[in-house]
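Letters A, B, C and D name the chains as they come in the text, with residue numbers starting at 1 for each one.
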Amino acid sequence: MHEKCGVVGISLQDRDAARPLYYSLYALQHRGQEAAGIVTHDGFQQHSHVETGLVGDVFDEGDLGQLNGENGIGHVRYPTSGALDKSCAQPFSVSFKSGSLGLSHNGNLVNADEVRDELAELGHAFTSDGDTEVIAHDLARNLLEEDLVRAVKRTMGRIHGSYSLTIMHDDTVLGVRDPKGNRPLVIGELEDGYVLASESAAIDTLDGELVRDVEPGELVVLHPDGTGYDSYQLIEEDSTAHCFFEHVYFARPDSNIDGTLVYDARRELGRRLYAEAGIDTDVVMPVPDSGRAFASGYAEAAQDAGVDVNFAEGLMKNRYVGRTFIMPTQDERERAVRLKLNPIKNTVKGKRVTLIDDSIVRGTTSTQLVELMRDAGAEEVHVRIGAPPIVAPCYMGIDMATREELIASDMSVEEIRETIHADSLAYLSVDAIAETLDQQRDDLCLGCVTGEYPYDIDGEATDREVERPVIQSSLADD
Amino acid sequence: MHEKCGVVGISLQDRDAARPLYYSLYALQHRGQEAAGIVTHDGFQQHSHVETGLVGDVFDEGDLGQLNGENGIGHVRYPTSGALDKSCAQPFSVSFKSGSLGLSHNGNLVNADEVRDELAELGHAFTSDGDTEVIAHDLARNLLEEDLVRAVKRTMGRIHGSYSLTIMHDDTVLGVRDPKGNRPLVIGELEDGYVLASESAAIDTLDGELVRDVEPGELVVLHPDGTGYDSYQLIEEDSTAHCFFEHVYFARPDSNIDGTLVYDARRELGRRLYAEAGIDTDVVMPVPDSGRAFASGYAEAAQDAGVDVNFAEGLMKNRYVGRTFIMPTQDERERAVRLKLNPIKNTVKGKRVTLIDDSIVRGTTSTQLVELMRDAGAEEVHVRIGAPPIVAPCYMGIDMATREELIASDMSVEEIRETIHADSLAYLSVDAIAETLDQQRDDLCLGCVTGEYPYDIDGEATDREVERPVIQSSLADD
Amino acid sequence: MHEKCGVVGISLQDRDAARPLYYSLYALQHRGQEAAGIVTHDGFQQHSHVETGLVGDVFDEGDLGQLNGENGIGHVRYPTSGALDKSCAQPFSVSFKSGSLGLSHNGNLVNADEVRDELAELGHAFTSDGDTEVIAHDLARNLLEEDLVRAVKRTMGRIHGSYSLTIMHDDTVLGVRDPKGNRPLVIGELEDGYVLASESAAIDTLDGELVRDVEPGELVVLHPDGTGYDSYQLIEEDSTAHCFFEHVYFARPDSNIDGTLVYDARRELGRRLYAEAGIDTDVVMPVPDSGRAFASGYAEAAQDAGVDVNFAEGLMKNRYVGRTFIMPTQDERERAVRLKLNPIKNTVKGKRVTLIDDSIVRGTTSTQLVELMRDAGAEEVHVRIGAPPIVAPCYMGIDMATREELIASDMSVEEIRETIHADSLAYLSVDAIAETLDQQRDDLCLGCVTGEYPYDIDGEATDREVERPVIQSSLADD
Amino acid sequence: MHEKCGVVGISLQDRDAARPLYYSLYALQHRGQEAAGIVTHDGFQQHSHVETGLVGDVFDEGDLGQLNGENGIGHVRYPTSGALDKSCAQPFSVSFKSGSLGLSHNGNLVNADEVRDELAELGHAFTSDGDTEVIAHDLARNLLEEDLVRAVKRTMGRIHGSYSLTIMHDDTVLGVRDPKGNRPLVIGELEDGYVLASESAAIDTLDGELVRDVEPGELVVLHPDGTGYDSYQLIEEDSTAHCFFEHVYFARPDSNIDGTLVYDARRELGRRLYAEAGIDTDVVMPVPDSGRAFASGYAEAAQDAGVDVNFAEGLMKNRYVGRTFIMPTQDERERAVRLKLNPIKNTVKGKRVTLIDDSIVRGTTSTQLVELMRDAGAEEVHVRIGAPPIVAPCYMGIDMATREELIASDMSVEEIRETIHADSLAYLSVDAIAETLDQQRDDLCLGCVTGEYPYDIDGEATDREVERPVIQSSLADD
């Protein structure tokens, strides 16, 4: 659930880009664990290594050694559109009339089929179902007639949806962010070059400095000799559509996105959660790891309000539960959550507990956690969520769930509370999100919590004025 | 570094033990990632599956399906004595005159060579260098002449050192803890059986109740039908030698060991660390994950003292850095720590920071972390450690380091501070450890922090009265 | 060395094609061990499974189970053009405007770059360097404007070189053979369908009947319901260019190619070898496995001539020497051949021996074999080869060797004899080949033994009238 | 089926034994494909590498590099007694009072349980069910009290059954053959050392000279410095019990066993088969690969008798059908044999065919082959077998089949002929075997063809005088 791709591009002076690309992908591994790849260019030809698996498993010393060249791009993948198979792993690379292209894509086009059909009319044949191949073919075609910047602009005019791209045209590395800036993309400066990456944490890993976010609708062209970059503001729109969920869940806490440090945003969201729906209990407890920063802000706000709140790490996470895990039998199912999260009874027993998490998707985990708390002797279990209810699917590249699976798609907050057996339940308001991120509501993509999307999507509302759902409910309301 | 084995044993009524053993080993995975194994007995014969690798990789559904029987033992291994190879992976199983034996061992014998030689004199041939085979052979030999309880007692009288064992004699599961109780071992009750495990977290995973610790020198015999257990206090000694490092580092925070919840102990050690060596800075920051509970207690104590301390998670850990990681080149080496831990600059910049960790072994990581803080703009970096300086190696089953590698073995605290470039450095006192764990100093094994060991070890002191090292130093001392 | 691809296509009535395709590829495994793949179509969509490795390793039951559909094509690959990587493994599949295409190709285009450039001009972007993608794109483009048969014809008019193709257009399976019929392709009939395959042995494996060879320049279209096929003679040329080496080496002895059973051809070539260059020795011995049929015919001819020749299998082949073999050190190198072939001393000692092989490429193995014979006590070692000297490279899809590596490219037969230390050496004449295969010389591709090619190749002769090399030399000549 | 272990031992001057051991195991790979292992000794300690798999997969350069020492032993394994798992793979190594032991075993003890029980009485504990561990423990125990030679002799006095052993005691390599010489073992001389191996082909591979067979009951002790060996005739018996099946099937044709070259023996058996049961048909055809030498001898005898027999390789074997092969469905089952063996129709059609094979076990393959011949148009199919009917199981280390599975255990030759649908069927006589191998019948183990065994086996006859079965039947008899 909840995962997406990471992209990177690097141009260096007199140093091969492969190792820095590798370390960058490590830093972005949380954005995709299904496949990883690097494509470099040594001035004469492309070198490529793309495989399914974690970064650490996909590459060995020999692989890095063969990825020659001071310029390159990389990708970590979680499937968005296009079923996962090798042909969909990225970077996607093609050769065409005037050279070679490599593409790494984070996001999701809403008109991919349309563009694909147009290209097919012109005779294009496709090896995959992915968006990325569509972008590559369109760009390759435009490059037959235009220079690089114009060709990218023309492609940007044709594709709609969310995309942060790193592109390699021969040995030139580009970065492009869609006109609404839905997915993050940043520029960083190294001692001997420049880097483009989904998140600033990748730049930190290389000991570089964050320069700034790539602007919505901007094209950044790194100099192949690592000495600088050029910027082209190719498309400008009135409003942006930054994904607020990057701040709430996807991004690393130590990344800066669109001017905000994710960790600070989460702490502030936690503070606002207390302000909006604070409840005084004996213990405030994060669901690790994602709820930690929210809980820390929440508890701090309580203390600032003079409440003697006890912040405690009462749920221990087993870091070894991985993919190859054998599922318990039906009989053991309800205990399964214990393999992953175990409550520290002393912290819970006889206490009124507030559990803080970042979101509720299907509601299954929340139900199990509340039960776990009660089994451990909690007298009351209150749940506070650092985001609004997720009422609708994401079309912008996040594999959240179908609408039917989303517990909040057809349940009120009170109904959800009952379902998960919490004593009270409250979500954060949409306004709190906008204020915290210091953005106008209309500059955020709030589709999954409002059902209104910044792009035309078949069968979904595009008007941004809809009724807000009730976002708080408690036993006291009964 | 710092790792050790985990053992488990289970007897059930009318339910195969394989799956519960599997989940238990998952819960104990932090005690050993090199190999895992399960041996069961179905009343007629043993079934065994032992391999190198993580629990999730070692077993698949088919493997569990073939491990028939309601009684079984399991093991996760990190090498202590005996070079790692398949023949050393456990449980170790042998057949002998009157049946079969399976053994899982956590600990280290100090007279293994001696016992091995005695057995060799009698004609025994050994397939490995491990302690476990020595115990197995000795026990098998004793079982030729004695009943089970007497045979175990005789073996306990012969082997010296630390051991927590789960043993399977035909279909009877036993648990044994050495007379000084160096390594942990607990008994738990399930709905339909009993379990023995290194840590209580394994019992929680099975939704069971912790009954109590196995006592030092005690033999526990589970009824093969899962209906109960018998206890035999086979050896009694005046003092115990509980490993205090289990509480400081090895064990899971959610485990109860010798009457103390590890998480509570760490919080209390953090409180005492503030009491002994607290320093008021802008930020208190844990080194994740091990420093978190210490830092939480430390900050709490500061607040209780009326100090407005800011507790912040300023170091973000990359959970994907694993074994298959390609090491950076010499050139990139100093940046390597960034791949694993990245500072959140906002939290650090212009601040006086106190970093809290559980221990310092070689000093390399501490040096890198202090540098990381300074690079991130910290004005001052103070280091506080929740344990005394490690001045001597461990002989009881922890693969810490050789004496030469231990930074505190030949450096004063002030010298260490200089080496790691901290503004101040302080360790916790040995007394604080003893008081927190509510133990007499003589009931703890403090060998690694005092150089005095509870067992006779060639070339090491056994007298418990040695001079305590200075454990605090700061710039102010200069 | 000496290897090439195998292709297959199957259409069945009410039975999935995956398993028969799998068994067919097994039967064609000798034509390529680097990769294997199957693409099927179930009437709605394509299913594909392509991987590097042997057929038995590439597919498991689950893979076959997912390859739904009664129509499909398959491929086993050895690299011809296009460096080996996953993107070059076949069948190659693309989707385009009016449907999907899958292609399996055996052969080599001589104008691939030219066609690729023309397509690139039109905007096509390529994911690989392979010929097959070029054919696929060209065919896809033609299908925008023409019906299937005309589209194939137009593509055949554009590509030059050798090709036997099985193609799947949506769920229709096609077979195409280049106008000169360089590579083999046959049609077979099953109880419930039809099959196209590189060799008739694949048909036997499916218990089917060989119908006939696909004609040079012919397109065969299988009915998707398995009930029959249509034939279109799209291009006719005056002469063919059948590869004679298929009969000499590549094909299975039990296959029928262009009207001749390979086994019979080899026996007849052996008979003619005796007629042209027979020498009476104590023993006639094949180099296993490829020399066996030649030696059998040779010995038979000798007997028919009243010579009391002793046919003996004096070289034992170790069938387990495979890819993962660790090479001997320099010191052990000369003994290396013994790991693969060991002489039976009784058969050799004190004897005059005639060794029969199918060809000499670099000469290294022949040198070692002659030495082996002498070490085993042979008094004389005569070498007879069932084909003419290989003097020039193959451009038609066989990865033989570069010209420099070919021992006969710049050595006379006498020089080769000296190099391999044989007492006498003789090759078969080109005329014997043509007569045996019952073909006009101009209907065979004899490029590798004459240096004249049936296609225009840069820097190579195309005139078919060149001087024949001397093909026999013996000590007696000295 | 029909497979068994191979053993080797090597002592060299100033050269590591690992690589020669590796090549030897390659040469013996046909004797066991389930596991392979090498144990070396460098004068100070043992080094061991044992794994399941083929030799080429078990070892890589790194593994060989770590197997230090000029002395070592090796093993390839096929399971005889002891279920296959890693603990049963060999060489088996143990350390005991006065040093270390490594053992490689080919054969099967008939009193292993008895000896194991005696050792268990003395306190021995066993990690496996295998014979080899029993021998190792017994030898280790004897070595406590005796010197090496006496200890081996005492162990040989205790164990009964078939065994060819290579043993390493510290750095001394020994070879032992059981007093009846059931399994082969030979001594070879290299330029710089000596080698012991199951078959002489392993010596050829190392470019060494076969010295002689190890005698039944002999112990050979290689000098650890590679300069020579000592021989001790420890036990002498009146008669031997050489396994005649080594000559008929197991051994490589290029090996010399007990004074006979296997290839020559098979040719001679073929000649005698013609003499005893020759039938004049149009074609004589071997079942590859095992029937080839028999067929060659058979055809030669026919020619010598003035019969114009046509020897033809009419069955083509697919060398790629391996372990990972997906079995055909029930429906396809009868065609399955075609995947492995395909008839060359020209050779068969309208012909009377004699098929020559080495043995018939279950009869399934013979039935399929006869049907294959008839499908290919054979007018008559006569089957001739180069060994007597297999009427009873092997207890000496060959995993043949249970008695129920053996078609000849309860069927007459005529009944078998009917079952396999042959026009006539004949086996070779036991006397022909004895004469060919130049042995007294009482010096051969003929258990599987007579039901009388040279060792006491529970429930089997030991008297050597039983009635011979009728071994020939033909349509003409009807």
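Convention: a residue touches a chain if its C-beta (ideal position, glycine included) is under 8 Å from a C-beta of that chain, and two chains touch if they have at least 3 such contacts.
Quantities reported herein were computed from a predicted structural model and do not represent experimental measurements.
Trainee: Please flag the chain sitting at the greatest distance from chain B, going by CA centroids.
Mentor: Greatest centre separation from chain B goes to chain C.
Trainee: Go ahead and note the Å separation of the Cα centroids belonging to chain A and chain C.
Mentor: It comes to 51 Å between the two C-alpha centres.
Trainee: How many Å are there between the centre of chain A and the centre of chain D, using C-alpha atoms for each centre?
Mentor: 63
Trainee: Measuring from the mean C-alpha position of chain A to the mean C-alpha position of chain B, what distance in angstrom results?
Mentor: The computed centroid separation for chain A versus chain B comes out at 37 Å.
Trainee: Would you give the residues of chain C that are in contact with at least 2 other chains, written as numbers and ranges?
Mentor: none
Trainee: According to the definition of touch, which chains form touching pairs?
Mentor: Result for touching pairs of chains: A-B, A-C, B-D, C-D.
Trainee: Please give the residue numbers of chain D that touch chain B in the complex, ascending.
Mentor: 86, 92-97, 101, 117, 120-127, 129, 136-137, 140-141, 144
Trainee: Per the contact definition, I'd like the list of chain D residues that touch chain C in the complex.
Mentor: 19, 22-23, 26-27, 29-30, 33, 54-57, 59-61, 64, 201, 204-207, 252-254, 261, 263-264, 292-293, 296, 311-313, 316, 318-326, 328-329, 332, 335, 338-339, 342-347
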